[in-house]
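So, here's a batch of structures to check.
You will see chain A twice below: alongside chain B first, and alongside chain C after that.
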Partner chain A sequence: MNLGPFILRRLALAVLVLFGLSMLIFVIARVIPGDPARMALGPRAPEYAIESLRKQMNLDKPIYEQYYFWLRDFVTKGDLGFSLLTRRPVMEDIKEFLPATLELVIVSAIFMATFGILLGVLAARFRDTWIDSLFRVIAYLGIATPSFVWLVLFILLFGYVWPILPAVGRVSKGIPLPPHITGMVTLDALLTGNWRTFWDTFLHLIMPGIALAMGGLSQAARITRSSMTDHMDKEYITLLTAYGVPGKIIFMKYLLKNSLIPTVSILALDIAALFANAFIVEMVVSYPGLSNYGMKAILNKDLNAIVGVIMVLGIIYTSVTIIIDIIVAYLDPRIRLVKRAS
Partner chain B sequence: MKKFLKRLFAGVVYAVLGLLLVSCAAPQPSPTSTSSPSSSPVESTPSATSFKPEDYMISLEEDWPTYSDPAVGTDFSDMIAVTNVNDALVFLTNDNTIKPWLAEKWEMSPDGKVWTIYLRKGVKFHNGETLKASDVVFSLKRHHAIGEGLSFLFINIEDAKAIDDYTVQFTLKEPFGPFLQTLVRFYVLSEKEVMSHIKTPGPYGEYGDYAKEWLLTHDAGCGPYKIKEAKMEEYILMEKFDDWWGGWDPNAPVYFKMFSQPDASTIRTLIANRQLEITDEWQAVETYNALEQIPGVKIARYTVGHNMTLKLHCSKPPTDDVHFRRALAYCLDYNALVDSKTGVAPGSIPSVNPVPRNVPGFDPNLKQYTFDLEKAKEELAQSKYADNPGAYPVTYYFAQEVPWTEKIALMLQANAAKIGIKIEVTRMPFGSMIAATQSPDTTPNIFSEINAPYFPEAGSQIQSGFHSSCQGTVNNTHWSGDIWDKKIEDALSTLDEKERFAKYSKLMQELNDYCGTIYVFDQVELRAVQTGYFYWPGVDLDSVACCAGYPLYAHDMRIYPEKKLK
Partner chain C sequence: MSKAKDSSQKLDNLRRLIYKFSRNPLSLIGLFVVVLIVILAIFAPFIAPYPEHAGSFVDLASANIPPCREHWFGTDIVGRDVLSRTIFALRGALIMAVGVIGIVTPVGVIIGLVAGYNSGTRIDTVLMRISDIFLALPSLVLALAVAAVLRPTLFNAMIAVCVSWWPWYARLTYGLASSLRNEAFIQAAQVIGCNRFHIIFKEILPNCFSPIFTKMALDVGWVILIGASLSFVGLGEQPPTPALGTMVADGAKYLPEQWWISVFPALVIVLMILAFNLLGDGIRDALAPEEG
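Coming up: the complex of A and B.
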């Protein structure tokens, strides 16, 4: 199996996509009316202070020169410029906020994959029964209801009516933060054996994590169910049953594995999309993640931060897409053969 | 197959049990309290329970980001942090009088250009250094170099000299009547602390970045609280400074935490669980009404020095016509907006001045516009757009972060439509609104803004609202050039307070007649406050200090953890 050329082609395409994205977002962020330097320095800042900031951010140069300097610094130094909102390099902000979002997305992805597949399998197994109908309703609700609505509901239920989970932030009052290793406080607490902090930070992730997962979870459940029911009707399953292969082996080895290919593709894309969906969820609970930072950057016209956040999300999304393509191509040789032929 | 399904079911059951376990392990603060709301300081009861310092923590959620560097911050939340962490030369009390603070006394030369300030002795900075006159001179130099935030208040100071360790002399370029009032914003930083954290190279030559980066998450002040921990975009945790010169009450908060404003449902949960003591002031009335239903929670209502204004573009059709502007002013039902049951700002008071009632210099005898559609028609008939006012749509921007201001826009739109004026209302992020004000072409006809004084006197709002130097900022979107400059400068340079206030009165009536701004109401600010175990002086007052930050002085708050347990 030779996946090399396939991977190389996908990587080349990804670089092109990211280059296009960077140009597009750079221009869009800068053509919005208003002088970011004046906005950042307050209503009565003197002209010399504004000029100095403009110079520092290259805002006094034509837009193509601004882009050239930005791209040069990004590629050669990993420098995404200076944030007007936090008054420090955007890269430092990303290093601080990305791990928070990452751990939220990881927890959310675990919920999404586990319960999405589980519900789908159960719905398929009990096809056309009341269980199937119940799960269908749950799935439709999950898809149709935005994640922030779920979160508000969860907060009211589990933070207010039955207060068992913390409603805001990343860590409770009086709980010491673990030493910085990865920036993901739950993981850092685990790595340093700080169980109390681990448990507390994990509790903080449950409500936003599940709320964020609801859409993807429901979608995964529906796709798993429909894929499994399709396969159940295939001749090879009938043949295996006729040969007397035990039902458990048919289910696990043949039915489930084959049926999961579309689910895995969709799940992976949904997991990448969680980064974008986290925008409002993080704002609802004041969760200090990258999405919350990105939202504030957009509202405050923080040019470099907007471009930085979108680029990071673009890189994550592109990387996940490549990984999925590789996994799917590995699982299903027809895909790479078709692509090669084309 | 059956076995497998059984296992799946078992998995689900275990997951549910896991959640139940979580619920048992998690702390369960009571959502309801039997404590009755109190309008006076909560009485402390002796208790055998010993409390940890974190039990004396109070939390406040606010708009974000928050900058605690006095040469950078300018917004409401910035000022709360700045005022708690840094001491100013003089202090602003809740009755809006000036109180000696780091400056024990002062003298003004007869021409009003030289001010001699005598500093309090024995004041310690958070790093242990003693406050000296050189720190005051250094703080001014830093303001002048950085030029951000409220630094513009001190541009008029030409020179500062340390006469000795405890005497500073300021020389002004021009006499400025309310100079002492501006010193409520003159926060003093430790020169040694700042200089030991500068980052070089930086934009300020030998001073590098003037420690601006370090001061994002630390402080160099001598205020009652010091920054213990600051997480950008998340919170600032301040800790009581034991060596503060003013002394401490045993029930003063040990920690004061400001964090980023979450969603209304989250705020409600935090308040119910007693994890939040004071809310922000930007919530919708419905949210405050819901919060008031929670036992032990009271809604504080007080005038703070803000007024709700609609600023009119005076050089863009059709609001370039004074009669058209007056017609708009007569279209607003001011009393309905402040109605205690149906209003958007219950308890607020229709404005009669360009400044609210609690700002020194306010004159209750000025004439202001009232809701009168007949008068609106008369004014419109006199305008040059009388023939076809609908052909000149009026653009109106309001901030999406303050959703209740939309109702003012819709009311004006509906009433103006009755006399043929068409208003196009646009909701947008405040950041984009700021951007729009920077040029006359992008500034809308009507710009909705809550206005606050930078220093405690009417001259502040008059100057920022109409002086040409402030044109193109959110405070002044009139684009009316320098027509008011001479009168404003004359009033501000008058040293005698009585004479100065008389000039303000005359000027304010002229501004009312010019109708560059529709002054909607003196805003009564609302905040939901815990009263069962916590006391904040603002909860009992009708009016508080008119400069942002001062009303939320944590040193004067009290917390009683033993009451919180009940």
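Coming up: the complex of A and C.
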């Protein structure tokens, strides 16, 4: 009904927000103490080299001019400047590293959604039994444990004590990389029928993927459980049972769909948060992804790269939020209508 | 309403809250562990078996000792007692939690109140859009970015987390304030001629306490988690001051032989967050209105 204007409004808002974000990050990145030109060239570089690099990077101009140049390049040419670390255009770096992180996040998200909902449904189905209590313990632990703790635990268990999973990187030595179709090695390997590569890269994704997923998994499970138990007590379920509708149909057709609405919102936030937590996880296993690249950029004060990575993350995060808002608005018409009234 | 009746009502409310809270065994466990942690942190120099190990200290002769009677958590690679360092590291975590929430709550709440009171006007839109900008990134990413561009100290890590956290409080308060804005009692106050400050702080704000306080309680766990993540990548307190995340990171290099250097601080992190989460859940359940 009002879905069209709703979407348009959200999109316009998102663009505005991204503008503001770019300004914010730009200011933050430029305000840091330390001279990026000097840091790029090293402490023993001659003054004139530093000066010329500074001019080249527009560092001698006032900040709003710098922002204008950056913005113009970004919007017209998709050019985010040069990375001082890798000496390549930032856009190229991003194109290389982003698929890796996407892969990790997708694997993580699938695991999180599937097992989170599954666990929550089981706990609701068997509520107030030992399964439910066990579930509560697991859920509390899952939320309280940072992803890097899970990762360290996994590495300890499955990398050393019972070494079945690789602990470092993306691909083992000697395994050929598949041709670059999407950039995601598992997908490319599948598409080209390269089973060995696929299996190897998949194994590499398991530990970081699951470690990332644990937090969101527990949250999703908790919300699913509480949402389901809330709905199970509602009158329409009692009515359906009284009418003799089989339990399975009640479950699948009515209970599940209605209970999933809050779960979907939380899952969306958590999936977006995966990108954030990936920063730390990627660093630990030296996974060559965007977050690792961003982390290095941040620690080495590589300005263009920092801004580029943050912008990309901001765009992704905002897009995910918009998509989820749209999905939820579609599922729950009340939201569309209420927004109008305010 | 006479003053005496007001304050005895408040006492009753408080008693009721405490009673509700204590019904839940998990919340009590959380409270107990939190109090334990706070005591450990405050009296660290007196409780830790080797308090001098929390500073610059090297005793290579006792390096890498596994957990035993003299060193319950073992020693690290330069011979420092892991238990003592962990106890001292609790301080940093608690300071960060208290500091962040202490700063973010007033700032966020005031912004939310102002935006909510003026809801529908320019001020409202501007303030909320600004907070949306900060929300466009997951908190950890923004905190990482800000912490990395500043010098790595505990204070700067706190600032970084504050920068990424305040919009949540502004949002929450804005929602509450803007929905209260159109209530009859606010309009009545306006009609009588109460000025804006009175309305905002004496009429709207007290009605928002409950959700805000709940959020504060639940957030402590998250802030500690982010703090641990920041120090894990080296963006918090610098050595030799011990920090939980840093200890896990440093110790991770020596897995699995010297597992105790990494594992014990990690367990303490989990325990701490768990305790604060249980406490927060208990407060939330106690403050929540009863379902009919």
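Keep in mind that, in the parts below, the second predicted complex is superposed on the first by the 341 of 342 C-alpha atoms of A that agree within 3 Å, B and C clash if a C-alpha of one lies under 4 Å from a C-alpha of the other, contacts with A are read in each partner's own complex, and residues count from 1 in each chain.
In this text, a residue touches a chain if its C-beta (ideal position, glycine included) is under 8 Å from a C-beta of that chain, and two chains touch if they have at least 3 such contacts.
Since the structure is predicted, the reported quantities are computational estimates derived from the model, not experimental observations.
Undergrad: Please tell me, clash or fit, for chain B and chain C sharing chain A in the overlay.
TA: clash
Undergrad: Please tell me which partner, chain B or chain C, touches more residues of chain A.
TA: More residues of chain A are touched by B.
Undergrad: Considering only the touch criterion stated at the top, classify A:Tyr48 as touching first (chain B), second (chain C), both, or neither.
TA: In the superposition, A:Tyr48 contacts chain B only.
Undergrad: Output check: A:Gly247 vs chain B and chain C. Expected answer is one of first, second, both, neither. What do you get?
TA: first
Undergrad: In the overlay, answer first, second, both or neither for which of chain B and chain C A:Tyr64 touches.
TA: It touches nothing on chain B or chain C.
Undergrad: Pick one for A:Met283: touches chain B only (first), chain C only (second), both, or neither.
TA: Once the two structures are laid over each other on A, A:Met283 reaches both partners.
Undergrad: Mind working out whether A:Leu299 is in touch with chain B, chain C, both or neither, as first, second, both or neither?
TA: Both: A:Leu299 reaches chain B and chain C.
Undergrad: Quick one: is A:Tyr236 in contact with chain B, with chain C, with both, or with neither? Answer first, second, both or neither.
TA: neither
Undergrad: After lining up the shared chain so the two structures overlap, which partner does A:Trp195 touch, if you call chain B first and chain C second: first, second, both or neither?
TA: neither
Undergrad: Now for A:Thr318: first (chain B), second (chain C), both, or neither, which partner does it touch?
TA: It touches chain C, and chain B stays clear.
Undergrad: Of the residues on chain A, which ones does chain B touch that chain C also touches?
TA: 32-33, 148, 152, 155-156, 160-161, 283-284, 298-299, 301
Undergrad: Chain C touches which residues of chain A in the complex?
TA: By the definition above, chain A touches chain C via 13, 16-18, 20-21, 24-25, 28-29, 31-33, 140-141, 143-146, 148-149, 152-153, 155-156, 160-161, 272-273, 275-277, 279-280, 283-284, 295, 298-299, 301, 306, 310, 313-314, 317-318, 342.
Undergrad: For chain A, which residues are in contact with chain B within the complex?
TA: Touch residues, chain A against chain B: 32-36, 38-39, 41-46, 48-49, 52, 56, 85-88, 93, 96-97, 118, 121-122, 125, 148, 152, 155-156, 159-170, 172-174, 199, 203, 206, 247-248, 251-252, 283-286, 288, 292-293, 296, 298-301.
Undergrad: Could you please specify the touching residues of chain B with respect to chain A in the complex?
TA: Interface residues on chain B, with respect to chain A: 1, 3-5, 8, 11-12, 22-23, 25-29, 31, 52, 54, 57, 61, 64-65, 67, 72, 74, 146-152, 155, 203, 212-213, 216, 231-235, 257, 259-263, 265-266, 268-270, 272-273, 275, 401, 429-432, 434-436, 438-439, 442, 464, 469-470, 473-475.
Undergrad: Spell out the part of chain C that touches chain A in their complex, as residue ranges.
TA: 129-130, 132-134, 136-141, 144-146, 148-151, 178, 221, 225, 228-229, 232-234, 245, 248, 252, 255-256, 259, 262-263, 266, 269-271, 273-274, 277-278
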